[in-house]
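The structure's right below; bear with me while I get my questions together.
Labels run A, B, C and D following the written order; every chain starts at residue 1.
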Amino acid sequence: MSSYAPLFAVIGVMLFWVVLGLAGLARSHDARLVFRVLFPLGSIAGAILAAAGLAGISGTPAALVLPLGLPGLPFHLRLDPLSSFFLLLLGFAAAGISMYSAAYFRKTENIKPGLIGLQYHLFLASMLAVCLADDAYFFLVAWETMALSSYFLVITDHKLPEVRRAGFLYLLIAHLGAISILLCFGVMQNNAGEYTFELMRAARLSDFWATVVFLLALTGFGAKAGFLPLHIWLPEAHPAAPSPVSALMSGVMLKTAIYGLLRVTFDLLEQQIWWWGVVALAIGLATALSGVMFAAVQTDMKRLLAYSSIENIGIVLAAIGLAIIFHAYAMNVLAALALIAALYHCINHAGFKSLLFLVTGSVMHATSERNLGHLGGLIRRMPWVAWFGLVGTLAIAGLPPLNGFVSEWLLLQAFLLTPGLPNSYLNMLVPVATAALVLASALAAYVMVKFYGVVFLGQPREEKLKQAQDASNWERAAFVWLGATCVLLGLAPVAVIGQLDSVSLLLVDATLSGNIARSGWLFVTPASPERASYSAPLFLAGIVGSVVATFLLVRWLYHGRVRRAAAWDCGYPQQTPRMQDTAEGFGQPIKQIFEPFFRIERHMPKPTDERPYYWSKTEDHIWFWLYLPVAKAAEWVSKLVGVLHHGRIHLYLIYSFVTLLALLFLIR
Amino acid sequence: MIQFVVSQLVQSLLVVVSAPLMLGWVNQCRAWLQNRTGPGMAQPYRVLGKLFVKDAVIAHNASPLFRLTPYVVFGCMVLAASIVPVLATDLPFSPAADVIALVGLFALARVFMALAAMDIGTAFGSMGARREMLVACLAEPALLMVFFTPSLISGSTALNNIVETLAHSSLAIYPSMAFAAIAFLMVMLAENARVPIDNPATHLELTMIHEAMILEYSARHLALIEWANAIKLTIYSAIGVALFLPWGIARAGEWLMMPLSIAAFVAKIAAAGAGLALLETMSAKMRIFRAPEFLGMAFMLAVLGMLTHFLLER
Amino acid sequence: MELLLVLGIPLLGAALLAAVGHRAPAAELNVLMSLLTFAAAAALTATVIADGPLLTLHELFFVDAFNVFLVTLTAFVAFTTSLFSRPYMRIEAERGRVSPKRLRLYHSMYQMFSFTMLLALLTNNVGILWVALEGATLATVLLVSLYRTPASLEAAWKYFILCGVGIAQALFGTILLYLAAERVLGAGGTALLWTHLDEVKASLEPTVVSIAFVFLLVGFGTKVGLVPLHNWLPDAHAEGPTPISAVLSGLLLNVALYAIVRNKVLVDGALGNDLAGNLMMGFGLLSVVVSAFFLSRQRDVKRLFAYSSIEHMGLATFAFGMGGTVATFAALLHMTVHSLTKSAIFFAVGHAAQKVGSQVIADIRGLVNVSPAVGWALMIGGLAILGIPPFGVFASEFLILTTAMHDHPWATPILLVSLAVAFSSIFGKLQAMVFGESTAHRLPHAPAALPVFAHLAIVLLLGLYVPPYLAQWYRQAAQMIG
Amino acid sequence: MNLPLSAQLINLLAALMLLIAFGMLAQRRILTLIHLFALQGALLTVNTFVVAFSTMQTHLYYSAVLTFVLKVVVLPWILHRLIVRLNIRWDVETLINIPTIMLVGIVVVILSFNLALPISELAGTVNRSTLGIAMAAVLLAMLMMITRRKAVPQVIGFLAMENGLFFAATSATYGMPMIVELGIALDVLVGTFIFGIFFFQIRETFDSLDIHHLEKLREK
């Protein structure tokens, strides 16, 4: 197999997706064609892409130049391990999600099938192009196309004002990010109309300009990934979008930002400075913590998942920061460890977050409810959705032996290895950072218990929930696909890390394979067997074994008589669903403990109210401390400027007169 | 190889079987301290036996998850028991899971417990689940930080390696371990639903945490859960003694050391149990919203432990 | 020969339409004339491609890489705009906003305007250039006040006075240039011929030339709409008929900028320092910033896009000011794509305003629901003008910003802020107009979708693929402008 | 100073130009304004003749004639007709009071002289200092446009500006090439006509020529 085969396969998939979109547009109102044929085809293409990506990771880099683009700046494409990895991620997620969308959109009212198909497949194709681009112009074209197509998907039902608001916020921040990425490339280019990544790799930058590049990249990609404080669009846009789109945005699109950050920081810049890592680490942890805290107090399930995406992205950023620190001190193996933890977490998150968003999609279709306060007890009505939801929940809560645990385990190992650093301040920093990280993951478990418990367990809080239908076959297939990925990623870390080695070799020129291989395929030993090791298969075997053994033992020793009766609950007579904890109630303790971090509006009923009710609104300080003031300032300035256009022609003549005289003075 | 498996099984079974005894011992000590003649150390066994023969009563709307949970919880605890070095540090299973995985294991059990508690949809169930998760999400990081201090000292996160280093390296005083020990004690109280966070002996509605979660369980399911809790308590004590007074534990393959180490283990565990009882009798249960402060303190101490390690011991 | 056709046909058209402009087929005649002009321009372009720059009729006319593509562009936009104006003006007439007499004036002046534009572009004589630009003002000023509403009258008056004064300053600049030139070239005709001036530019007297450039910049800058000389622009765009807004934004501003750049070449040659460049960068930045902040407070959709024209002209001026091959290339590209995109937007806006019966943004809602063509055209055009890839505007802004980042990093924060503000202001209004619940209703005549989408298609093409000969021109022109 | 007679003559005329410019700046009555404008045109004509005579440039004669026809006969006549039609003979308002305008004017003149100094040093023509005066005339005309409240004086100011330019063209340089001059003349003529049309439109819309009616288009 020549090294070009994967590249051509990938390009083929990209074109195929575009063609699918256009085909849908051609027969715009033919729902059958679009959803029964085009989306499944797209999903198959996704699987092919995943395979190509897998092949590309281990393959040698292959480059290609298209005869498009600006004069002197044709589109450069390149497939190297890094891009292959993210293409793999895109591929498997897209395969599952397209499968799901085929069923989902068919059930959605008043949408134009062709339009949705076009936007959806353009979105996929542009994400693919982002990972494939090898020059600044093509990269940005793909990048903005991605933003644009996803924007149109977000505002699918644009008649709701809040949806439009969400879309506007999203595209605005995305555009800001794009501009600062553009400027970052502007610094790296050599000002001869040459914008290929090759030349940027070759370019040597002073420390100052390198820092400028890094900060611009951090801002630009952070706007897309949702780093603090640029994350506010995320919890707005995800609930607004249709669920498969939220799944794609959260599972894949955020990762393209991570891809860009890695590409610029480790590939295009040849040296890093240690304090960049500290900055990234700090921002990452802050993002993770705030994300998970806000997730804990949400009452809308998609907002909750959106905030949890922010948390996961924060963890990834923290890992990248650690990698930067290690790499800056030329401790490349440790850098590789941190980097692999980051990448591993990316792909894990793609798996379980897509799964969970799809689950919410099915729930919404079955119940037309998004508010946790009106759900509950669905495990009895929709077992498929519920059990795969459980898989996703356990995975995202970082519980062994599923995949979420592996990446957090690797990351913690990386943290525990920091004492090797020559910089004592950093050593002091490590315990705090570790603490924050662990706290975040513990809170994540809290959040997910809340999510799953309130949606699927307990008694249904509304009558209509009793008529909820379980997922259709297409949706089940998607669940199986993604759920299986989560399990496999959890069970075969050694194999995955083996694949990731070529990426870490590319970025920080070191691999873990030496350490990993030392104790066979069964054990993950990042540093050495004595130091730390983890074996998911054995672990699973242990749990399953002991559970089964216990079960059989109990069965064999004692009778299995079971009586059904009303719930006891300390003997309280009638139990109504309203007695269970609501989502708000479940989040209450977190709200109380971390009160200063929230901006809480409470409305307390007065004793005299006839119809007393209580509500509280929890908002983000950042919105009020950062965004509103900026908006106000802009408004103020524009009011100021507006005076210029005063309507009196004499005034205008005076402008011209004065300008003339001023310039005449100037040039003398 | 074979003797490894044997020692593995011996240690795990020892913990699993002797766990109720430990519980009984603690209760007995409490009885003595309160000038009561206690029910006797075998009481927990009797309780378990009785529960096992009873018919299980389950709420109408209980889902399969509800019935699965007791087995999962019990299985997790058994597995945990096989990770922690009790008598000797040669555990063939320990490479499969280090301290982080151990914490993960506890978390897994806890999450299932909480979900099962929410499954029936009673007021107390969800309240208990919420409080349990709250306590846990503060205790778990503290616990992990506690583990990190010794693992930084010993340069390993595998529990048996840690214990090996601590036990058999030339005797060194680790100030950081003092912080870690106090933090660990606090976490242990919280995680095992002991006073001052929770009171295992109460069914007073508004104060209970753990009991509230298992209200709906009966018969064998209840038995499994109670047993699992006993194992958990034992494991915690075992970890405590293994980390903070590791002396006398047998090195890999030292069969002659075995009897000695058994004696040492029993003695240490007994002491720990007595100490626990004493602590419980002396302190009063605190309000649920004081718990975060308590655990926050534990968390801070653990972090301080790591800091002091960097400060003084490198 | 083609050259004479290019100039002759619109002149003829002006005469014809002055005679029969009020009859029924006037609009078609207008289209026909514009089409012929465009054909002639295309032929001219072909010959220039074939055998290089062209200097004819006693050196009175001069076609090189710089103006040939502007000529084609002008003829093309004039043609498409005439296509658009056919249904548009018919609807206006049926609504009784314009009488047949005024239609005659409109059509004949439309042709006259494109004649002056082409003359300004083609002439080699700096004086004629001035005359043509003044002529353009005269041709359009009565069209701005076509509706005879108080507002339109006021707009026209301001347009006339301000541009008149500006153009007078430009004339003074031209005279000074002549004064400087005649000492080198001697009195008489040749001293105003750009080709000759270009040869001897190095030996022109610096002080005179610098003062001359100030007058020229302020004078022509008024027509380009550089802040603070821009005040006529939004009024004229908002109050005139939409086709006129389209050609004002699409053509007039370009040609005025062209005049400035032509003179900049001479001035750079004479001064040898980058005074001219710095002045232009200053004006450019000022225009971008101020117009960006103006955008957010607009209530009238045509004013909104008028200000965005100011912003983009400022960007182009800034790029020309930076100099260097890449930046100049970008500036030329920007002129092209901006005039295409902006005129397309004005087409869409015109139809939208007719559907709703109001130019007020708050009244225009949910266009996609009623007429997807207009709605999507407005949305896509707006996104294109906001510099979203893969449209051509993004290509030029990409080059401009990256170059700025490399050469003048201090300017980029200003640009960043302005672009962000502009984006939020325009896009917020755009989204509200295109999506959401609808207020628009059907029209008696089908909207002219062809010109809009033709323009947008070309802009899209230019973002993804610039034809080699076009790129070649840009390069040559960039070389020449330096 | 021993300049040739022609040069002295031209300088004299230049001085007169400046005088008239100030006169227009100070003038309140429209009718007088128009007369002053015509006078300025006459000066221009004479000046052009002198230049043409002294430098033997035949095409300047044509332009002199052109100037005479346009600026002494046609434009004043049109303006006169206009104000008769619109009967606005007495117009007294300026935005700022006259003395202040005068002061500003002085400043402008000084500035333009300063600017013109280096140029006129090297102006190769018989008359050196006229350029400064021309520039001054232009700027003063502009000042006049700024300060007048009604439409007609603004237009006269505009035309006076053209005069200044023309003066610069003829006296500083030996006149522009003929074709350009024709173009300029045409533009001026058409411009005046359009101004006329405007007067009527404004008049019929606002029934007054006061410009403060034309201040509605503004940022609210």
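Some observations on this one:
Assume contacts are C-beta pairs under 8 Å (C-beta built on N, C-alpha and C of every residue); 3 or more make two chains touch, one makes a residue touch a chain.
Quick caveat, the model's predicted, so the values are computed rather than measured.
Each step here moves to a touching chain, and the least such steps from chain B to chain C number 2.
Using the average of C-alpha coordinates as each chain's centre, D ends up farthest from chain A.
Chain pairs A-B and A-C differ in how many C-beta pairs they share in contact, with the greater number at A-B. Per-chain Cα centroids separate chain A from chain B by 36 Å.
Chain geometry summary: the mean Cα position of chain A and that of chain C are 44 Å apart.
Centre-to-centre, using mean CA coordinates, chain C is 31 Å away from chain D.
For the pair chain A and chain D, the distance between C-alpha centroids works out to 70 Å. Shown for chain A are the residues that touch two or more other chains, namely 642, 644-645, 649, 653, 656, 660, 664. Shared contact sites, meaning residues of chain C that touch two or more other chains, fall at 157-158, 161, 165, 169, 211, 294, 297. If you check each pair of chains against the touch rule, the ones that pass are A-B, A-C, A-D, C-D. Here chain A touches chain D in the complex through residues 642-650, 653-654, 656-657, 660-661, 664-665, 668, going by the rule given at the top.
The part of chain D that touches chain C in the complex is made up of residues 57, 115, 118-119, 122-124, 131, 135, 138, 142, 145, 151, 154, 158, 161-162, 165, 168-169, 172-174, 176-177, 179-180, 183-184, 186-187, 190-191, 194-195, 197-198, 201-202, 205-206, 211, 213-217, 219-220. Residues 157-158, 161-162, 165-166, 169, 210-211, 214-215, 217-218, 222, 227-229, 231-232, 234, 275, 279, 290, 293-297, 324-326, 329, 366, 383, 386, 388-390, 394-395, 398-399, 401-407, 409, 412, 416, 419-421, 423-424, 427-428, 431-432, 435-437, 463-466, 468, 471, 474-475 of chain C touch chain A in their complex. Interface residues of chain A, counted against chain B in their complex, comprise 376-377, 379-380, 390, 394, 397-400, 405, 409, 412-413, 416, 419, 424, 427-428, 430-432, 434-435, 438-439, 442-443, 445-446, 448-450, 452-454, 457-459, 519, 523, 529-535, 538-539, 542-547, 549-551, 554, 557-558, 560-570, 572, 575, 577, 579-581, 585-586, 588-590, 592-593. Residues 67-72, 136-137, 140-141, 143-145, 148, 155, 158-159, 161, 164, 167-168, 171-172, 175-176, 179-180, 182-183, 185-187, 189, 191-193, 195, 634-635, 637-642, 644-645, 649, 652-653, 655-656, 659-660, 663-664, 667 of chain A are the ones that touch chain C when the two sit in their complex.
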